[in-house]
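Take a look at this one; I'll ask things after.
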Amino acid sequence: MKKDKRPFEVTKNKGGCFMTKVRVGVAGYGTIGQRLADGVAMQEDMELVGVVDFAPTLAIRALYEKGMPYDLYMAEGAERSSFEEIGIPVKGTINDLIDKVDIMLDASPAGVGAKNKELYIKEGIKAIFQGGEKNEVADVFFHGYANYEKGIGKDYLKLTSCNTTGLIRAADCLDRAFGVDNIAITIIRRVADPGDYHRGLTDALRIDKAPSHQAVDLMTIMPHIRATGILVHTPVTYGHIITCVVHGKSKIEKKSALAEFEKHPRIRVVTTDEGFLGNASFFKYGRDLGHCRGDNYEIGLWADSIVEIGDDIMFAINIPQEAVTIPETIDGIRAAMNMQLNMEDATSLTNKYLGIGRFKGMFKKGKC
Amino acid sequence: MKKDKRPFEVTKNKGGCFMTKVRVGVAGYGTIGQRLADGVAMQEDMELVGVVDFAPTLAIRALYEKGMPYDLYMAEGAERSSFEEIGIPVKGTINDLIDKVDIMLDASPAGVGAKNKELYIKEGIKAIFQGGEKNEVADVFFHGYANYEKGIGKDYLKLTSCNTTGLIRAADCLDRAFGVDNIAITIIRRVADPGDYHRGLTDALRIDKAPSHQAVDLMTIMPHIRATGILVHTPVTYGHIITCVVHGKSKIEKKSALAEFEKHPRIRVVTTDEGFLGNASFFKYGRDLGHCRGDNYEIGLWADSIVEIGDDIMFAINIPQEAVTIPETIDGIRAAMNMQLNMEDATSLTNKYLGIGRFKGMFKKGKC
Amino acid sequence: MKKDKRPFEVTKNKGGCFMTKVRVGVAGYGTIGQRLADGVAMQEDMELVGVVDFAPTLAIRALYEKGMPYDLYMAEGAERSSFEEIGIPVKGTINDLIDKVDIMLDASPAGVGAKNKELYIKEGIKAIFQGGEKNEVADVFFHGYANYEKGIGKDYLKLTSCNTTGLIRAADCLDRAFGVDNIAITIIRRVADPGDYHRGLTDALRIDKAPSHQAVDLMTIMPHIRATGILVHTPVTYGHIITCVVHGKSKIEKKSALAEFEKHPRIRVVTTDEGFLGNASFFKYGRDLGHCRGDNYEIGLWADSIVEIGDDIMFAINIPQEAVTIPETIDGIRAAMNMQLNMEDATSLTNKYLGIGRFKGMFKKGKC
Amino acid sequence: MKKDKRPFEVTKNKGGCFMTKVRVGVAGYGTIGQRLADGVAMQEDMELVGVVDFAPTLAIRALYEKGMPYDLYMAEGAERSSFEEIGIPVKGTINDLIDKVDIMLDASPAGVGAKNKELYIKEGIKAIFQGGEKNEVADVFFHGYANYEKGIGKDYLKLTSCNTTGLIRAADCLDRAFGVDNIAITIIRRVADPGDYHRGLTDALRIDKAPSHQAVDLMTIMPHIRATGILVHTPVTYGHIITCVVHGKSKIEKKSALAEFEKHPRIRVVTTDEGFLGNASFFKYGRDLGHCRGDNYEIGLWADSIVEIGDDIMFAINIPQEAVTIPETIDGIRAAMNMQLNMEDATSLTNKYLGIGRFKGMFKKGKC
């Protein structure tokens, strides 16, 4: 079905061979799409060919003001004049971009990805969709750590949502070390991203019907675990916090759990005594670190939130909603394109190029 | 030690006897104090003699504008002129009030209650303190349902805080019906009351070190249960939400838990389909009901938040922080003053006079 | 065109005559509709016949829980079973209600009022629409103080919006005393009402294109004044604040402006020293006063915000968005139904029945 | 009084001469101090020698995690061990830093700067204080555009606060072009910075007594203008918005005002149609531009907010509170150190090194 655009498998990752970079396009240059583009551009074995959008949004204007580091292609139905009359150069249409890439990362608004998929199929390229699309859009519902192997060589992956991606990191970390039976989560969700004007909540907590979709999604990715949860929306923009009550195959003690979390490259263990007082501290810290857009790829985990209760262990994690799915999506490229054949190699390479985990265990002292 | 100001025990609650109302004073006419005064004034077997405050706050100005339904007494160190120069009549000092009452409800700022206690001891009257005081201030750390008997005849009680009061209602409800071993809670806490300008949080979640004091307090009141929890502050004013993961002595099923919750007079079972979308819905509903100050005495419990996980049951409750401790405090008067000798009688009478539970089970249809 | 349902004009307000109360219906039992119903029910010369709504909202459920103080009629397209299956009695349809009333207050969602108007025309009754409808729906765009005379005897009035209603009170107050040429306003707007879940804003100020519609509306009501303004939405629920820079026909001094504001029954002059620190203080104060739903009908005006600049005077007012239009709407009934023939008599009677202005000038001392 | 640490005047800025960079230290590595350090480090004619702080805050931890691009010196009273036990190298004390620099930028907590000044006097170095200190701390209350000449060669400058700095940019811009007599401002103030946990406001607007200090400060800097204003705090973190009603010496028309604003390098003229919907849009845009910490140095000015009223002109500006004072502070270094002798040269050089104004006038089309 899929036309072979170039013999990618032959040349990849072989020492001494001519190395071809995987060519990647990004559809939808919004909050996630911008960060996918930046993340791919940092991968030495990938090439960001271009990005697609529909209108000269602030993100596109910023791209232009930066001097067009990425070529811009128009989404279907976009008006070329809307860009050109303010001087923004358009390289072509989404079809032109598809023609030049091996894989598309689709971060279009929910539902558009499913429509774009028809174009991808037609041109025989692979694609990775974000959490807003329905599961049916993809062959595999994917997470870089928890089910990397299932994504290898597949044509269409769908990433878990931001909360689910971060949650699974922590769950998978414990599951590999101790075995996990059940998880009960409480998601304290941010309702909007910084700069969002199309959604919001003012002085109100909003509860969804239980169980939350994140718990259900976790079970889809990790079918040997039972999970449930309650989600409460809160009027903040700087990140989600999730509390987890985990029932292990045997009792998981705080000390050994903490040791596992600290080893995980995409989990940053912190304490309130260090100054990480909540979600906004992580946001501030990412900016102070000089990260691009002030982003954090790691989830946070408060060492001083870990408590034992009965046979269970409870703890809280912080989810930086804007950037958390970027590493796992790039893992997905490695899987779908057969670039690495196991999780350890794939995630290590992603981490290396994104600069994740360089600083593990630096602020040990003073931790509980 | 305690001087017998009048032979209260002889006259109380005896049919055919001359009935003397218990005389009650309230120290601290803030958010809680105002509501305690209103609540006592609704009890037919109690008399609100007066309230104490330090300065002409908005609450005191409103009292005046309403025509002084309650007499005002000055706290220690207050300046009479600060009231009188704007026309607000002062009946006397806190000592004058103490002289006229059988029991004081102390809702002064944290720490002031402990100082006031010296006055209460000196005059030989009883007192009930609010959650802001340290446990040592009281003989018994009290909850109207969970340990009513411990408060009977005692001189000094301390009420559980708002979150703990509401949480224990739900925990005690399940514990009586099924037996409870462990509880793991996540408190999604409002940081300020409506109209608060002395505290606040803007676009930030703040996490406290675990375990939260509410879990610890629950174990003090209900020592046969193990509890832990994580507390996250959120920038809202309309009420707390708590999620609970409860491990019963045997498996507690959703259906039977729901049945117990629905029988409890101080728990209002609702659904999101009815329109109770979050904490702000309860606040709005209390206003629409025409309640005084728009208050709710009941905690809310979302029927559609109840889920089972492994051997545990999980659900979410809503805590109306301004008024939730009022019924249990009034229960405390009944206990301390020997007005009723068991929980059922005491709480029933409090509920009756406060108008709690009149409407149980009205919106059954459409519930999950 | 209009069928004469009863000879109302003959019997109104005549001493010695048999007095017929004006019969009023309310369409739309939301935030405004509930308060219109409550306000009309307080008028001794009016009778609230019933209210109309479409579905068993929280407001309707609260009406039921209160024992149906007002009869409920169904809006067009509503399903009777949605009410009856939870026990809420339905008296009839909107047409049944129209048949029984002299005038409808239409607080339906924006656009529905215009459709309802066809029913009103058909049955020959009058109506007053709220600010959400387009101006064309009405014969007169109405404000109780600023253009009462224009509403007398008219069939269809439209009230100014909440911000405009409050703004015009202050503008009209100065205009009558001193003459006003220009007004430049900055509206610091609340984005949602307490309990709103269908709109909101999180950690963001949002600016609208200038001039704001409120300034334009002011010029429609008071065509001899030039007005402009900028509106900024803020993530709060407890009320709007508007700053006004007013250029009078001659220089308006702070002292004389203050004296006029203090005389106005629907303006409450306060200071920050008294404890009115912002919009939330007014909200709290209304609750502490024991007002129904905690509402305030008066706008607030900070005496310590008044400053002079060049030939202009500047000051800030507080707009309680939920209830501020109620008095002027009831004035509108008096105008449309020919109940009073001048502004002073009409507003005085409305104020009397609503309990407005009883406390004017009480906290004089300490004001700047 | 001041010891001549090196003959700076001889060597500065002379073509062909040996060029000595001005050596700068920063005291207080908080929100402002971090940005001052970054800003100075970008100036090719300055050298950032080091920064001072008291404790291993998140900002200091981030500095460490970045590899100590700036040397760290300890504030008076700091404990060396608190840094060293977590591995953060300390270069010396504040006295050691003072010994190495020509000028200190003091962004310490309010009041600490005045104490530090004694050290600066003792060592004979110059200093620039931020808005939190009292005016008496400095010889000149300084703004880079409005009174640059007054700062030349002075020892101690104090910068205007963030709101005042931005406001004066706009006021000075109009004043130079048209002459300004009066300004009436409404400040819609953000209450906390992103990541702040020590202050906040929840669902409340708070009003200060008028006139606001910003209006008073403007008159100190620009004594030929009369200014007043009202300040309202709002629960947001992403920036202030100020509306200005300006009375010029002659009528200022929208078109000509806009032309002046567009020429100003530190004012970015935008429209809501472009997507700049409020303060949060600017914050997002700075991040999307890839600016360090996502900061903006420019104030925003909405072209579609400009309206004329009577003889006045009204408009709204956006103030990025974290970074707005950086350029004017760096201008202050140029003035105090005699590096440039007029405003145009000084501000141009600052702008050049900070990358300000490169993109002026890019999105002209579609503007109102």
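Order of writing sets the chain letters: A, B, C and D. Residues in each chain are counted from 1.
Basically, a residue touches a chain if its C-beta (ideal position, glycine included) is under 8 Å from a C-beta of that chain, and two chains touch if they have at least 3 such contacts.
All figures in this text were calculated on a predicted structure; none of them were measured in a lab.
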Minimum number of chain-to-chain contact steps, subunit B to subunit D: 1
Which of B-C and C-D has more C-beta contact pairs: C-D
Chain whose mean Cα position lies farthest from subunit D: B
Distance from the mean Cα position of subunit C to that of subunit B, given in whole angstrom: 36
Whole-Å separation of chain centres (CA-atom averages), subunit C against subunit D: 44
Interface hub residues of subunit D, defined as touching at least two other chains: 194-197, 202-204, 206, 235-238, 277-278, 280
Complex contacts: residues of subunit A adjacent to subunit D: 34, 56-59, 61-66, 85-87, 194-197, 202-203, 238, 274-278, 280-281, 283-285, 287-290, 292-294, 359, 362-366
Residues of subunit A defined as touching subunit C within the complex: 191-192, 194-197, 199-204, 206, 235-237
Complex interface listing, subunit C residues touching subunit D: 181-184, 186, 188, 203-211, 226-230, 232-239, 241, 243, 245, 247, 272, 277-280, 302, 304-310, 312, 314-316, 368
